[in-house]
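In the two assemblies presented below, subunit A is common to both, partnered first by subunit B and then by subunit C.
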Partner chain A sequence: MKFKTFAAFVGPSLFLMFLFIAAPLVSVFIGSFQLTQPVLEQVEEETCTPGFVTQTCTTTMVTRPILDEFGEIQTTTEWVGWTNYTRVLDPEATWAAISNWDWNALMQVDFWAALRFTLMFTLVTLPLVIGVGLAIALAVNNAAKSIKGPIIFVSLLPFIITPVIGALSIRWLFIGDGILTSALEAWLDQDIAMFAQAWTIELMMLFYRVWHVAPFAFVIFYAGLQTVNQDTLESAIIDGASRWDRLRFVVVPHLMPLIVFIALIHLMDTYRVFEEIVGFTSQAHVISLQWLTYDFLQPDDAGNRAFGRASASAMLTMVGIVFLLIPLLRRTWRDHHGGSH
Partner chain B sequence: MSDTPRALRQPLSLRLGSAGFLAFWCLIAAFPIFWIGVMSFKAPVDAFASNPLDVIFGPATRDGGDGLSLLDIVIGLAFLFFSIRYAMTWLPKMVAQHSPGGQMIAGWIIAAVGYAVAFVIGFFVILPFVLGLLNPILGPLGNPIVGLTTQHYEAVWVENQFYNNFTNSLIVTVGVVTVSLTVGTLAGYGLARSGSNLAFWILIIALVFRALPHSVLVAGYLPVFVNSAEILRPFLGDAAPTLYGQPWAVIAVLVSINQPFTIWMLRSFFQNIPNELDEAARVDGCTHFQAFRWVIMPVMWPGVITTGLFSFLLAYNDFLVTSLLLDQSNQTMVPAIAGYFNRETTTTDQVEAVAAAVSITAPLFLLVMIFQRQIVSGLTAGAVKG
Partner chain C sequence: MKLKTILMAGALSAVASMAYADCAVDNEVELRSLTAAFEAWNAVTAAWEECGNFQAELNQEFRTVQPEAFAANPSLYQIGGVSNGTITPLLNQGTIRPLDDLVEMYGQNLRPNQLIRINGEIMAIAMMVNTQHLMYRADILEDLGIDVPTTWDEVLAAAEVIQEAGVVDYPLGATLKSGWNIAQDFNNMFLGYGGTFVNDDGTPNVNTEAGVNALGTMMAMTEYLDPEYLVSDSTYVQQQFQQGSIAMANLWASRAAAMDDEAESQVVGMVNMAAAPLAMEGGAPATTLWWDGIVIAANISDEEAAAAFQVAMEGLDREMVEANNDAAIWLVEGYQAGRLSEGAIATASAQPAPASYPSTSQMGLMHTALGNELPAFFTGEVSAEEALAAVEAAYTTSAQEAGILE
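Our next item is the complex of A and B:
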């Protein structure tokens, strides 16, 4: 294919990706060093109240934004260096907490609390998703042919459901004296409030995420199981391998590329955990990195959005993704150069 | 079972364990969704009752005068069963008979819409009317036993004008699917047929883009979108639009965010179409574009439909981008539901939120029913080739 034809085919897609992915990255990078504020002026305001003989007048200094010719608030954009990052990371409080070995104080800084939850969430769900997915795939592979279709149908439901609604549906089972909370209370014989402390909310979030992603892992493993080499399995049996040995030394190595694939996709997706925070309304107890940026972008009571801090926290989130991707990119680089030269 | 080798035969305990685990998984997978479905039809007292039987049978709802009798349930289930059966057997035959050659897709769309309308009229208008006449005559059979009310759906769809959000969701989703497939198909084909280094690096960069959290990108759009009228004024004059709150701007954003995934997936589908096919067309004197139009396009639909499903899911399920880039007046369904549970002051509001959630889930449910095979093949294609 000539370069010109190739460019014509790929052009529109590249243009879109450039305009809406690459360009915003640059603008976020620049924006993270800038601060946009309304231009304020100090005005002397005299307020008088009628009194006996003379009026009592007081003058106060009032700060108010200057309006431009369209009647909108004028803003200035200044280059502020690392200020936005300082405001997000709060190095003083961080340093004080670290030097005192005070974990709770460190968790008072939103960014570190978000980072802790995001990393914990990513690392805990990863093995669970792979394990549960593999278990379902093995069980379905073992089941009678006639029930496979309906089981796949039911299994796909948690996967395609809107994430916010999936999280809500779990939340509604537990909220207040919901049926599962009261079942737990009857079983453990104590009063339980699932939404009163961070760790119970985190448990529900972990459960939700595994419930949501395990079907994806299941479908992929199930497809992989169909191509396991039967001859290898038979020779393993002849060699006296037990069921467990066959799973461990034949099936799992065969599925290894798929396990890596799922782990990769899962790391990318879980690192941007966000919908759980919205669905469980957990921002008072648990927040994630993406939610932090989202929160800065939401207009506050005065209608201002903290673009500068949002950009700074977005850039810090990016740093995490880069760390995540470096091993992958290095491997691809090596494979490509090893393969083509 | 007798023809399986003895060593492959499984002990009873293993088979029972495996079946039990599957049953347990299916229960867990379906239960939350099933349960919000049940809750949405009950009065608030029943919906959030701590006894599961109360939620299912809804005594408070029944006492409120809304309920189903045994007769209602039997006839309703029979109606459902036969309408699904007809949809499976009679409908495809009619479509095949009556649609002119090559117009199968249009035929299916018309048939599906017609059937859906007929079903809604039959199930929600004619059936309740007939049963309303029958129930008082039959005495004990006609007494309500299960509480069920549709008042929350009425509140959501009629009073709170959820259909506005539905229309917005529809616009955004249809826009995203069409544009993303048009652009993505071309790019996927180009990438699949070019073995150059450039193609390889485009794919790798797309993979990196795939990993970016969406909030990072939205942090880049938002300042520009809010001020776009001023930024664009020198170029476009007074016609410069404010991109914030525009559905088509959101469509462009979602299409771009989805491009990396789309081109990866379509590329792997196009690689499965043998190269000889377009080479033959090229030998006969077609240009690349003609080969694509006349040789590849007729055979690419399975892959395109599968990729389209995933674009649909992304656009339909999105919360972050739509909630930040659209304003109240043209909000889509998923962010709109956040309004319900943030203000949930009364339990009625909560049950209305449940009803809205079920309304959002219902189309997805239908989607899995119809396209289960395509979804599975799409998931596996990405994994095995990518």
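Our next item is the complex of A and C:
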């Protein structure tokens, strides 16, 4: 291909990648080393509030930001080095917890509590999604032609539902005296409160995520199964290979690139777990890294947003994803370049 | 064919609703409002909408949306519903306008009590007062021969009796949802034990005896609560009452009317209100006083502001109050105090009286820090002192970032 044609094809997408990926990333990176503060003044203020009959007025010193001539709050932005990262990671408390082997104390630092859940969530759902997806694909592949259509349709349904809506529906099935909690209570004959402790909430989240994502793995695997070499399968049968042997030695090796692909996508997606935390209102018990960033960005009751800490936490999340992906990326790299060596 | 009929019916009803029978002003300016979504706001915004060209947004997340929406130029809303807690960011950003001129021109029906003055300027118009007070099932207390509790010790003792009698699922309800709600419950109790949140120099002061006592009493409550209390907000507690599954709660006065709503409630006429219980002898009731009211955006034209203020006054008039007397404890003329307001009035007129919720930046930061850090105490991960130390650390970090502390 001529360079000009190549450039014309690749240019637009490079430009968009720069605009929507690289530029925001750089700005977040810079922001994570900065702190923007309003310029404040102490003023004496008389505030009158209504009672039932008369007002009570109190005079207090309050802190108010100074407004500039356009009516915007005046701010100063400083370079603060690693301060934002220190505030997110709290190395002092972390080190104290680690040197005392105190797991509970470590979990009091929000970042580590979030990292613990995020990693657990990612690594536990990964094999489940791949396993369940493959199982559905095999089942559909072996089903009679007449019922294939309906089965595919039904198994795709969870994937179509908007994540937050799905999480909320499961929440309403279980919260308080929800239908499923009541059913469980009647069945097990004991009082059950699914939202009263962390592990039951985590269990519901794991179930929800697998339920939601398995259809995606299924679609990919199902497509892959159509390309399995039938001659190899037949000769395996002639050689006396059982169903399990055929799956293990013929089908799975054939699907391996797809398994790696799904693992890649799933790790990237799940490391950013967020909808579950909001949908299940689990922040008292369980938080995730993405939720932590979101929480820093939420204005507090005085109207401030912690942009610096949010940027630092976003950068740390990104570093985490890169670490998780390294083994898979190395494998893909080897597969692509293996032939030429 | 059928669709056409439906469309026609829709069009007709739209035409019908344009005959603003009940509104004295003929509003021709496009106006929007952003308010909270409880009963009183339903009543007020419905009255505003009668004036035409009016779009009301009722949103329980207004706290997050309002500062940004009002900072836009022009502001996305002309009228905002605020309380003494949520007015702080708007005051800080200077996005609401002084109302003295408008009050002089169009505010003849306002009572002096309604004018919220800050440094002499009227910045908001209050329409109602609100407080968290004791709501209890009068029938259950009477059956079991329990006097109406006046202190938290008595509440806990009564809860024990109700628990043993087994007449309800859970003796108590509480707004302990992690975040804003649990922090507010702590605030009530902390003030009830005579605590002060911040020192004069802005440093935090919650890891004190009052703080530990407050958490102790709250923890004692949890024994009588639905175990899922960390997700229980005001609406959840209100529904627990309405469905007859709890007997007592320290709940917002603005939720009282819902107890007698025959469409939703199975306990109509059975829930009474009393003063918020005392946390300690000789203290103020363990609660805070709030007002709710309206503000007008700064970043809009004077014509828009005048129109918005006139419409706002239409919604806050005697007619609206008479039609919705029990929806709130109105400050507006025409309000008749009834059975549902007894508790709030007893709370506010107690001696010593409970404090108003302070509208300061420090309090805003403290409230957020409390909401984030206290749940760890209730899940049993940390002790009261550790939780309060974490609150102080979180407050200090955000106060340093906000420039309030060095």
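By our rule, the second predicted complex is superposed on the first by the 289 of 341 C-alpha atoms of A that agree within 3 Å, B and C clash if a C-alpha of one lies under 4 Å from a C-alpha of the other, contacts with A are read in each partner's own complex, and residues count from 1 in each chain.
Convention: a contact is a pair of C-beta atoms (placed from the backbone, for glycine too) under 8 Å apart; a residue touches a chain by one contact, two chains touch by 3 or more.
Nothing here was measured: the structure is a model prediction, and the numbers come from that model.
K.L.:
Please work out whether A:A198 is in contact with subunit B alone, subunit C alone, both, or neither, and reply first, second, both or neither.
P.N.:
In the superposed model, A:A198 contacts subunit C only, not subunit B.
K.L.:
Using the superposition on chain A described above, determine whether A:I175 touches subunit B (first), subunit C (second), both, or neither.
P.N.:
both
K.L.:
State whether A:N304 touches subunit B only (first), subunit C only (second), both chains, or neither.
P.N.:
second
K.L.:
On the A-aligned overlay, A:T281 touches which partner chain: subunit B = first, subunit C = second, or both, or neither?
P.N.:
both
K.L.:
Applying the document's definition of touching, compare subunit B and subunit C: which contacts more of subunit A?
P.N.:
After superposition, B is the partner touching more of subunit A.
K.L.:
Can A:F121 be said to touch subunit B (first), subunit C (second), both, or neither?
P.N.:
The answer is neither, since A:F121 touches no partner chain.
K.L.:
Check whether A:N142 is in contact with subunit B, with subunit C, with both or with neither, and answer first, second, both or neither.
P.N.:
A:N142 contacts subunit B only, not subunit C.
K.L.:
Once the structures are superposed on A, label A:W112 by its partner contacts, choosing first (subunit B), second (subunit C), both or neither.
P.N.:
In the superposition, A:W112 touches no partner, neither subunit B nor subunit C.
K.L.:
Considering each complex separately, which residues of subunit A are in contact with subunit B in the first and with subunit C in the second?
P.N.:
Common to the two interfaces on subunit A: residues 175-176, 281, 298.
K.L.:
Over in the complex, which subunit C residues touch subunit A? Could you list them?
P.N.:
Contacts found on subunit C: 63-64, 67-68, 73, 84-86, 88-89, 91-95, 112-120, 126, 129, 177-180, 182, 200, 202, 226-231, 236, 289, 291, 298-299, 329, 331, 345, 348-349, 356, 358-365, 367-368, 372, 375-376, 378-379, 381-382, 386, 390, 397-398, 401-404.
K.L.:
Please name which positions on subunit B make contact with subunit A in the complex.
P.N.:
5, 7-8, 10, 14-15, 18-19, 21-22, 25-26, 28-30, 32-33, 35-36, 39, 48-52, 55, 183-184, 186-187, 189-191, 193-194, 196-200, 202, 204, 206-224, 226, 252-253, 255-257, 259-260, 263, 287-289, 292, 313, 316-317, 319-320, 324, 334, 337-338, 341-342, 350, 353-354, 357, 360-361, 364-365, 367-369, 372, 375-376, 379-380, 383-384, 386
K.L.:
Okay, in this complex, where on subunit A does subunit C touch?
P.N.:
The contact residues of subunit A facing subunit C are 35, 37-40, 45-57, 60-65, 67, 71, 73, 87, 104, 107-108, 110, 175-176, 193-198, 281, 283-285, 295, 298-304, 306, 308-309.
K.L.:
Show which residues of subunit A lie in contact with subunit B when the two form their complex.
P.N.:
My answer: residues 1, 3, 5-6, 8-10, 12-14, 16-17, 19-21, 23-28, 31, 36, 135-136, 138-140, 142-143, 149, 151-158, 160-166, 168-170, 172-173, 175-179, 181-182, 211, 215-216, 219-220, 223-224, 234, 237, 243, 258, 261-262, 268, 271-272, 274-275, 278, 281, 289-291, 293-294, 296-298, 305, 307, 310-311, 314-315, 317-318, 321, 324-325, 328-329, 332, 336, 340.
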